[in-house]
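What follows is a pair of complexes built around subunit A, which joins subunit B in one and subunit C in the other.
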Partner chain A sequence: MEIFINDNKHEAFDNETIIQVTDRLNIHIPRFCYHKRLSIVASCRMCLIEVEGAKFPQPACSTLVREGMKIKTTGSVTEDAQKSTMEFLLINHPLDCPVCDQAGECELQDVSLDHGDYKSNYNEMKRTVIDKDIGSLVSTEMTRCIHCSRCVRFGEEVAGIKELGMTGRGEKTKIETFVNQSLTSELSGNVIDLCPVGALNNNLYKYSARTWDLEQKNSISFNDCLGSNIYYHIYKNSIKRAVPKENEQINLSWLSDRDRFGHEGIESNERILLPMIKENNKLIQSDLNSLYSITAEKIKEFSPNTTAIMSAQSSCEEMYLYQKILRENGITNIDHRTKECDFRYQENYPVIPSFDIKINDLAKMDNIILVNTNISKEFPILSIYLRNAIKNNSTNVFSLATYNYSENFDTNINEIFSPTDLVRYLRDSANNQLASIESNHKNLIILGPSSTHLKNYTEILNSTSNFAKLTNSKLALLGDLSNSSGAWAMGIIPHRLPGGIQCDKYKEKNYVSAYPSNDMFIVYNLEPEYDFSNDIEILDKLKKSKYNIFFSSYITDAIEKYADIVFPLAVQQESTGTHLNTNKQLQKSEAVILPKEKAKPGLDFLHNISKALGLDISNKQISQDISKILSSINITDNYVITENLRVPKEKDILEKYIIRSPNTNNPTLRRCESLLNTHDADNFMSLPMDMNITEDKKVTLTEHSKQIKINTNIKTHSKPENTILLKFSGRYKQKLGSCNSVIDIE
Partner chain B sequence: MIKNIINFLKSLFFIEILKGLRITGKKIYKKPITIQYPDEKTPLSTRFRGLHALRKYPNGEERCIGCKLCEAVCPALAITIETEERESDKTRRTTKYDIDLFKCIYCGFCEEACPVDAIVETSIFEYHFENRQDSVMSKIDLLKIGDLYEKEELKDRSVNKL
Partner chain C sequence: MIKLCTATFSLDNPSSIETYLAQDGYHSWKKIIRDKTPKSEIIRLVKESGLKGKGGAGFLTGLKWSFINSAEKQRYLVCNSDESEPGTCKDRDILRYNPHAVIEGMLIACYAIDASVGYNYLRGEFIGDQWIVFNTAVKEAYKNNLIGNKVLNSDISIDIIPLIGAGAYIVGEETAMLESIEGKRGMPRIKPPFPAVQGLYGKPTIINNTETLATVPYILKNGDEWYKNLGLNDSIGVKMFCMSGHLNRPDVIEAPLGIPFSELLNQCGGILDNKKLKAVIPGGSSVPVVKGKDIINIPMDYESLMSIGTMLGSGGIIVMDESTCMVSVLERISRFYYAESCGQCTPCREGTGWLYKTLVKIKSGRGTQSDLDLLNRIANQIEGHCICALGDAAAMPVISFLKNFWNEFEYYVDKKESMVG
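Right, the complex of A and B next:
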């Protein structure tokens, strides 16, 4: 239809509101409560504009366009309405712009300057509101609130948890949490961006810089395999805050708390800032050139008996060069699956494990089955898509879990099993609630990374794939770290070269099986204490090995003890590289800050080592190779069916398994104090109940004849049956032990 | 020819010199306008923009709230500020407030931008440095000057009131 805006003819669609048309045409209308991804309430009245024929100015956000409508976004009627609205809004708004973190990017400030009056008729006292403590991530200054209710609607509509609400009426209206609770949603940080004034602030950024000093740089998230797009705001070579960069294919306008606050660890005092070498049992500073030649020498010396493990958080370039250097020198035992302990599936695994469908297509699914995936904690961005699917497409969601967790959307079926029972349930799908899933529907099964840590992962993968095949479902395999898909494609696995080409002459099937004959470890961006499925075993092996080379950003006790060479690795935000996300999109992230002191991006170290080994390969060559590899890969389905698996017995052995918090997933996240203070940073350990743990606060576990002391609150869960969940209160220092060992409890 | 004769006569009777001496004669009995600088000083405007100072409230609390407006407005980029939340009362405070006096052009914009009248330019116009790095005035130095010159500052401000 045709409408007239300021006497100019414009096209508009049916059921569009005025503000949607003007936003599309880049015609500015001031607004506070309207947000394109939230419902319309028309409560702030800032968008009042003149509509010809209407008696009063109309709110542009909630007025639908009509054929031939004549709108004026300027002119005396509109301007008068906006001026008086602004005057009312400023009645109770404090004049503390000089100390407010929002100043400079404040919508109230901008609109007041453009549309407000310079004087006010109000001479009474302004109201004050007491601040609330709503957790370690979001700080409040509630006097500044103008009651646009964006944060309230965000909680209801997007995050799915009604955490913030409006209480009181009139002047006594307040935004607060229910009985002073703190925000628990994994998406809570988004209210900071939504707040048009400085009422809800980023606690990390608080008072540390001003908006006009900040430099905005593009980056991506390194905390989960979705690769959310981020703008980092930099001041004096340090990341001050992260805000979402809009990407309609991944993170929309949102960001998970992990991505928003996950840069805190970069400033940690545990950062390794110097290249170090061990002399007389002590790590001392060394110069890089000699380290390169020593590393090259040692690679040649120990070549077949070396285990090289690498974090799947590294970029594709690092991965490609790493495996190239090692494979050229006869080292085949390269792996990234350090948190896993079951590798029987590996031969049939897809070359690039991926989400299989585009994330946007989640909304088209009829049935979604979540297998051991706590979507709202592990992939908060995905939970937004899932919520939309349920809302708009009435998708059925089935949740099959191994521990009791809550989701921010409604699930049709929510079952909790032990891992063995989970396999049994999936095998028996014809006779249980899964029978309702029909093959002519659009079905999706999401298998999350927490399953990979289980000792019967192959069985889970197998039964899930069989079930998926039976019901003609898509199988989404979500990776544990930002570049898990890339690690498989780049050959950071013993049995495959880059591009999924079968490697004939590999010696060991996985990094664990190489332990007995191991002479040297090369550990790339992994921390022995926290990144391994069995930390006790790896520490033991590191101790026995003849030489250990570490590339690490942070120092830990184990690195200090067992490392012979330490390269000071720059964190991902300090280095340039590409990451392959679960949508199979290759995203480039430029270095946003310079590395601290003598730290360097991993690619620099690898280039120099490769030169020392007589292998010269340029960055250009690497990126050409990577694009060649990725284009050559045949994309197949994600089904992983392994033959000859043991059928689980009726009453299997007692199971102990660890549920790792996604908030302690990588070295940088482990050092984000404010994230660790949230509920989501808890790790759990499930233990068989038969072990008679008393309700004592202290538990000592003996594992491999080594004692692990855990101070913890024992929380008994009725489900899964015969287990209790031990909660680790957020500290990454806690050692988790192995997933599959025999334990004694004192 | 005639010009030369006139010039000769003028030089013969010291006409030019007498003309000059007339000025000297006039001024010799008048009050001189030069002053003996270290002992005597010229009067200053109450709005004189001299050395900077950071002021405090009468209760001893520093005025500066770390809004960085002076840093933003400074045309010579002479001001460097770092801020953080003060532990005791959770207010915004500076941890660093440096002014490089070599860079400063004494324009007074910082004084004008300050929403709490914390940074001021006092009437101190005579100071020197013995080392190059001394030109950077730290927060402590500036507060000290503020303490010393608070009375004069108040007096100047009362005159300048609109």
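Right, the complex of A and C next:
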């Protein structure tokens, strides 16, 4: 249809509001409550504009366009209405912009400049509102609130948990949480971006810089496999804050709290900033050149009896060069799956484990089955898509889990099993609730990283794949870090070369049990205490090994004790590289800050080591190789069907298993104090119940005849049946033991 | 004297079903059930009777019913008994003394718009009296099979559910009432969509005032022509006038529309202590005030009051004698709207407070001439800029008080004291 804006003819569509048309045409209309991804409330009245034929100015955000409609975004009617709204908004708003953190990026300030008056006629007392403590991530200055209710609507409509609401009436209306609770949503940080004024602030950023001094740089998230797009705001080579960069295929306009606040750890005093070598049982400063030659020497000396493990947070370039150096020198025991303990599935695993469908296509699914996946905590961004699917497509969601996960969407079925019962349930799909899933529906099964941590992952994978085949379902395999998919494609696994080519020299079962008398460990961006399914065993092996080379950004007790040399690894934000996300999109992340002191990006170290080994390969060559590898991979389905599996016995003993918090899944996150102070940083351990454990008892784990006292009380839990649950709050320094440990109760 | 809504008021045990039945109550409802009167016929009858909504806006009831979105199967009726407008006290008496007329009206309306459920939303302050009476009445009607499953052994099933508010004036606004019934914070919705298209729980909903619905059974019983001719001169029908203020006998009077104001005054025994009439707010505190001499000979109907710059509104007539300080009255009215603004949209949330604070300032003797201009300006900035009518309701008294009694306000800011002592 045709409409007239300021006497110019424009094209508009049915069911469009005026503001949608003007936004598309880049015609400015001021607004506060309107946000393109939230519902329309038309409450701020800032977008009032003149509509011909209407007695009073109309809100552009809620007024639908009509054929031949004549509107004016300028002119006295519009300007008077906007000026008057502006005057009302400012009477109770503090006019102390110089001390407000939002100054410079404040929507109220900007709109006031364009549409407000230069002086106020208001001479009465201003309203003051007491600030609220709503948790460690979002700080408040509620006197500045202009009641646009974007934060309230965000909670209801996007995050799925209504945590902020309005109380009181009229001028005394306040935005607050229910009886002083703190925010628990994994997406809570988004209210900071949504808040047009300085009422809801980023607690980390607050008062640390002025917005106009900040430099904005592109990056991606390293904390999960979705690869959300981020803008980092930098001041004096330090990341001050992270805000979302819009990406319609991934994170829309949002960011998970993990991605937003996950840079705090970079400033930790546990950073390793110098190259170090062990002398007289102590790590002392060394120079890089000697470390390069020693590393080259040791690789030659201990090949092939070396285990090389690498974090899935590393870039494709680092991975490719790492495995190339090692494989060319005869070392094949390379792996990234340190949190896993069951590797029997690996021969049949897809070359690139991926989400299998585009994230946007989640909204088209009829049934979604979550197998031991806590979407709202592990993949908060995915939970937004899932909620939309449920809302707009009436998608059925089935959650089959080993722990009572809380989700921010409604699940049709929410079953909690022990890991063995989970397999049984999947095998018995014809006779249980899964029977309602038909093969002519669009079905998706999501297998998250928590399932890979289980002792019977192969069986789970097998029965899930069989079920998926039977019901013609897509199978999504989600990794836990930014380059989990890339690690498989780049050959950071013992049995495959880059591109999924079978490795001839491979004969070991997996990296842990490979060498009973392992000579050397090369550990790349992993922390022995926290990144392994069996921390006690790995510590034991490090102790027994003849030489240990660490690439690490942070120091831990184990590194201090067992490392012979340590390379001061720059964090991902200080390095440049590409990461392959779960949708097989290769995204480049530039270094947004320079590495601190003597720290260097891993790729620099690897280049120098390769030179010391007589292998010279340029960055350009690496990029070419990577794109060649990725384009050569034949994409197949994700079904993983393995032969010769354990058949669970009738009375199989329940395993002990660990439910890891996604908020502690990599070294930098483990050092983000504000994230550790949220509920989501709790780790849990599930134990079999048949030992008559009661509450209020202390637990002791015995492992390899060593005892570790766990300082936690038992919290009984009704599901899965016959288990108890141990909770490890907040602190990452808690040892979790392995899945094989013996448990004693004091 | 005509008695519709007030038919049972002076009888013994007025709220009981026996009293109502003895007055030939539920006659229309039983007839509809018996004759299976077509729904369109009822709507046509109500439309042609010229019955207007008696809550304030004066919209044609039958026309409103005909707007119901017939594409949706589930529909609702809501009876608005959240009577909170200062000066208005008619619905409280109808609910207390003639609840069955409301129930019958709701049943007829439910039938006409094909709603399976009718909610009656009572204001929170009614909990001590009207709430109990109305609930009892509903139970009686259920017992007599006038409501519920298979009404009077027909295939019609209608439920009437009484609800009680929590004390917010704004919930009297129809869409805020829907929010409140849904269990949310009572805040008006943006229109369109109108409730007749998308209302309670997203389904088509008709919202009518208590008095309107209580009138419906009498119209069905006696016919549209009868109701039309009840009014005097060109006016249509009757209205309940809530006479309060400086009167010898304040009362709720049911009278034909078009009755001269002087006649209403006489029925209340004239002005208290034989003082002179100074000003009248003829339709609840939110309508513009008029000078006594301007209204005294005016017939009380929608059009005539419009011609003197005010409105019939809810029929809450506040009479003020010569001893009234208009500054104090306006300050008190402003305080009400300041306290009752829901806080959703900016002009009302911020503007009502500004109006009140400025009036407090004037009242305490700190006001200046420029504050009077400021009041006018704020009120004009609120009017027409809000989501619902509360903003207008707060602005209209200010504008009209200043217009009609400017000299008195001027006197106050000059002399720091009231003109009337």
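Throughout what follows, the second predicted complex is superposed on the first by the 737 of 746 C-alpha atoms of A that agree within 3 Å, B and C clash if a C-alpha of one lies under 4 Å from a C-alpha of the other, contacts with A are read in each partner's own complex, and residues count from 1 in each chain.
Just so it is clear, a contact is a pair of C-beta atoms (placed from the backbone, for glycine too) under 8 Å apart; a residue touches a chain by one contact, two chains touch by 3 or more.
Since we're looking at a predicted model, the values are computed, not measured.
J.: Touching A:V397, do we find subunit B (first), subunit C (second), both, or neither?
T.: Once the two structures are laid over each other on A, A:V397 reaches no partner at all.
J.: Which holds for A:M166: it touches subunit B only (first), subunit C only (second), both, or neither?
T.: second
J.: Could you tell me if A:V99 is touching subunit B, subunit C, both of them or neither one (first, second, both, neither)?
T.: Touch status of A:V99: first partner only.
J.: Hey, is it subunit B or subunit C that touches more of subunit A?
T.: The larger set of subunit A residues in touch belongs to C.
J.: After the superposition on A, what does A:E124 contact: first (subunit B), second (subunit C), both or neither?
T.: So A:E124 only meets subunit C here.
J.: What is the contact status of A:A81 with respect to subunit B (first) and subunit C (second): first, second, both, or neither?
T.: Once the two structures are laid over each other on A, A:A81 reaches subunit C alone.
J.: May I ask you to decide whether A:S208 touches subunit B, subunit C, both, or neither, giving the answer as first, second, both or neither?
T.: first
J.: Between subunit B (first) and subunit C (second), which, if any, makes contact with A:R45: first, second, both or neither?
T.: second
J.: Go through subunit A and flag every residue that touches subunit B in one model and subunit C in the other.
T.: Dual-contact residues (subunit A): none.
J.: Once bound in the complex, which stretches of subunit C touch subunit A?
T.: Those residues of subunit C that touch subunit A are 168, 170, 185, 190, 192, 338-354, 357-358, 361, 374, 381, 383-387.
J.: Considering only the defined contacts, which subunit A positions touch subunit B in the complex?
T.: The contact residues of subunit A facing subunit B are 98-99, 103, 206-210, 212-213.
J.: Contact residues on subunit A for subunit C in the complex?
T.: 40-46, 48, 55-57, 59, 62, 64, 81, 84-85, 87-89, 91-92, 121-122, 124-125, 127, 146-147, 149, 165-166, 168-173
J.: In the complex of these two chains, what residues of subunit B are touching subunit A?
T.: 65-69, 72, 83-85, 91-92, 115-116
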